[in-house]
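Listed below are the structures to be examined.
Two complexes follow with chain A in common, the first pairing it with chain B and the second with chain C.
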Partner chain A sequence: MCLALPAQITKLHPDTGMATASVDGVKVEVSLALVDDVQVGDYVLVHVGYALNKIDEDEAIKTLALFAEAGLMSTP
Partner chain B sequence: MAAGGEIDIRLAHHHGRARRVNIDLRRPQAARVLIGKTPEQLLEQLPLLFSVCGNAQAYAALLACRAALGLPAPVEADRARELLVDMEILREHVWRMGLDWSGFVDLPADKTALAALLKFDTRFKQLLFEDGDAFTLHSRLRGELDFNRLLQLINELTGLIDGCLFGNRLQQFLSLSSEAQLGDWISQNSALPARLLAYVYHRDWEAAGNNAVMCLPAINCERLHAEWQQVDLGQFSRFPHWQNQCWEVTPLNRQCTHPLLAALSGHYGNGLLVRLTASLLEVAGILDKLISKTPASGSHFGHEGVGLAQVAAARGLLIHRLALRHGRVYDYAIVAPTEWNFHPGGVVTQGLQNLRADTVEDLQRQAALLINAIDPCVTYRLTLMEQVDEVEVHA
Partner chain C sequence: MKYISEFRQHDLAQQLAQAIAQTVHPDRHYRLMEFCGGHTHAIFRYGVQDLMPANVEFIHGPGCPVCVLPTGRIDNAIQLVEQHNVILCTYADLMRVPATGRNSLLKAKAGGADIRMVYSTQDVLKIARDNPERQVVFFAIGFETTTPPTAVVIKQAQAEGLTNFSVFCNHVLTPAAMQAILDAPVPVAIDAFLGPSHVSSVIGSRPYEIFAEQYDKPIVIAGFEPLDVMQSALMLIRQLNDKRHVVENEYSRAVTRDGNQKAQALTAEVLELRPQFEWRGLGLIPNSALKIKAAYADFDAEQRFDMPAIQASDVKGCECPAILRGAKKPQDCKLLGTVCTPENPMGSCMVSSEGACAAYWSYGRLRNKSAKS
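Then we have the complex of A and B:
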């Protein structure tokens, strides 16, 4: 089964519908085609290059902590 | 290793004819982090970890916890949960078909429809459960369920998928039972699946990837529990097998008795056309039965603090087994479809090994289609290597 890490949006590219996001300290390009109203600083769940849904900061922090506890992130 | 793990596939071929396949599957055993938690903590945290197919994962965990604790099954709430799992199967199939299949036939994806589709999960949960909280030991169905609203939501979802996937010909698709009828359905509409199936026929790739790996038969939880008492489940969940064989665990398992699929597999085995059609039949079949859904997709067994549950997830059968000691998780194993299917001797390996194409580009395309048809969710790296014939040199 697949895992989806929370990614924090760091830059929007409105012309292309893409955004730059930070996942575990790594910059990735993410499509925002399937989610609405995403702003810089928001957390989204990313799977196969698409942001699937926004999640609130508390949930993102809890999720990242759990991934770190599981040893699935390079930056605890 | 990336958080979700890595799958390296190396396909050796000779002028486009596959010869040997090696799969290196390195996926984290994320469930180990749940050891030491209470059942309540487990059920709160597991959906954070497994947000893709989250409903199936959470339902399997809930069933396993309840079984281990010896708690009764609330029939109505479980019926609602199974509706959520079915909803998720639909969502996972349709959004990947919408994106991936359109890519295979060079059509633009209907991203507006797919974005709307992704919102249904929250809408159903809010309608069915207090606070939208569906998969904990304390989740409660809404006291006064608005059945009219539920019906409206189901109709809205059905309309959306019928429009964006079936070109409003879902009812015709549901009536198909022979290859000739499927051919008519393909030729009479321009919906995305019809375009992809037409492409497969046009390329003569109907049987591409046909292989001898069979679908895992239904095994009841009690028998699994008995068999697994002697097994290192950590190792087993990495390389699952049954009766010393590799098995396929995909939607094909659930659709293989459908008359249309039986007819197609008579001609093409478990090749590409059969797999693609199985996924479509699953979507159509779930939509057709959403309203009259009877609980069936989950099963469970509990004995002396051990709980085992099986749930039908989008990519295949999902099995959770946990052991509780002194109120905390002592052992937790998840046996997921990916490990069955990408097993070194499994259906992906065997299917790829049987690919025959005229060019390397076609082989690459066949391989991408086949892997996508078996499991579109996995991130993998495919390397094709031209294999030069070995020449025997005699002194």
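Then we have the complex of A and C:
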């Protein structure tokens, strides 16, 4: 129920506060009522038709690096 | 797909599993409660438990809004359609939850009640606009993730002057439930918590700090992908080994300490605390749910319609309440898989894919079978 999927914003509709986004190639209409400063190309988390948050690319890269670090630790 | 596939890589999962195996102290047991049903689902679906050493145990928490909603509230919703002839709109997850007398929203709909599944609160507004002669009620459930979209449409309805739209509000709060679990008269033994993903993207990581401080419990905010869950488990195990107990944030790509303040402000504008609310399994919890503020009373279905509180009892033998407290596991229920299946659920934990029973039945039992054979 709390699931939210990463989606890339492909088009803004400033008159309605909505945007078109692509979730794994599927087009969805999302409300931008809960977020500020979203641009075309940004990734957002979409939950029940609303963009909840922007996804922070730098932080995602850092987290992936943490996985790799644990991997290094585990190689004998 | 970006932000999904990188967090499901099989080889990295194996490496994380090895790192965890090397980090655990063999002489102790690690009991990690995943608060969210989304984590429960991921743990079963991706076999995360199988990748853990035997002394790391996941305890499934109450973070499934469909699971914790008491039966009486479903009965209330069915009464609304049947006695007041409203159009009732709700998220699909609620349709099959058992109500009193083997009823459910799905069965009521099959019997002719005007119940509509919606994807978004925006759909409800459209239905209200398109049916000015009918009362349209949104049966709202969900944790802090799902609450802001409800607040948004109540404000929108007011701005548009819609007089046929109202909300039956059942939004509940995560920290209050965490507190109830920690303060239970017979507490379940839990060493640490995997904190919610998307609830935290709204409320931030700050609200959990008090639990880390006052109850000495490590908490790691964890993403919903399998590698997120494993990395977070590793972080919790390290904290427990080092006797530390702080809030750490593994899901930093979506969660900050303060969360989404715009969403929080919108919610606070329209909704306020209920003095108490009943949770399946956890009982009455003070300040654990939200109701519509007086300024928006016109949009409150509980004000607009006569909705007496209904005390309903659960199906005999269903262990949902104990499972939601973390005190029992799905395999402890005698009805599991015999009387109770996802096609014919007896309790709420078998309905949503995030319910522990449904997750276990869909993914876990096959694993146990193959492990035995």
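Assume the second predicted complex is superposed on the first by the 54 of 76 C-alpha atoms of A that agree within 3 Å, B and C clash if a C-alpha of one lies under 4 Å from a C-alpha of the other, contacts with A are read in each partner's own complex, and residues count from 1 in each chain.
Just so it is clear, a residue touches a chain if its C-beta (ideal position, glycine included) is under 8 Å from a C-beta of that chain, and two chains touch if they have at least 3 such contacts.
Small disclaimer: the values here were computed from a predicted structure and weren't measured.
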Taking the superposition as given, does A:A4 touch the first partner, chain B, the second, chain C, both, or neither?
-> both
In the superposed arrangement, does A:Y43 touch chain B (first), chain C (second), both or neither?
-> second
Which of chain B and chain C A:D56 touches, first, second, both or neither = second
Touching partner for A:L66 - first (chain B), second (chain C), both, neither = both
The chain contacting more residues of chain A, comparing chain B with chain C, is C
So the chain A residues that chain B and chain C both touch are 1-5, 24, 33-36, 45, 47-48, 50, 52-53, 59, 62-63, 66-67, 70-71, 73
Listed in rising order, the residues of chain A that touch chain B in the complex are 1-5, 24, 33-36, 45, 47-48, 50, 52-53, 59, 62-63, 66-67, 69-73
Counting only contacts in the complex, chain C reaches chain A at residues 1-4, 6-7, 12, 15-19, 21-22, 36-38, 63-66, 91, 93, 119-123, 141-143, 145-146, 148-149, 152, 196-199, 201-202, 223-224, 227-228, 231, 234, 250-254, 260, 262-263, 266, 352, 354
Report the residues of chain A in contact with chain C in the complex, numbered from low to high.
-> 1-6, 8, 24, 31, 33-36, 43, 45, 47-50, 52-53, 55-57, 59-60, 62-64, 66-68, 70-71, 73-75
Chain B - residues contacting chain A, complex = 3-5, 28, 30, 32-33, 45, 48-53, 57, 95, 99, 111, 114-115, 118, 313, 315, 318, 334, 336-338, 377-379
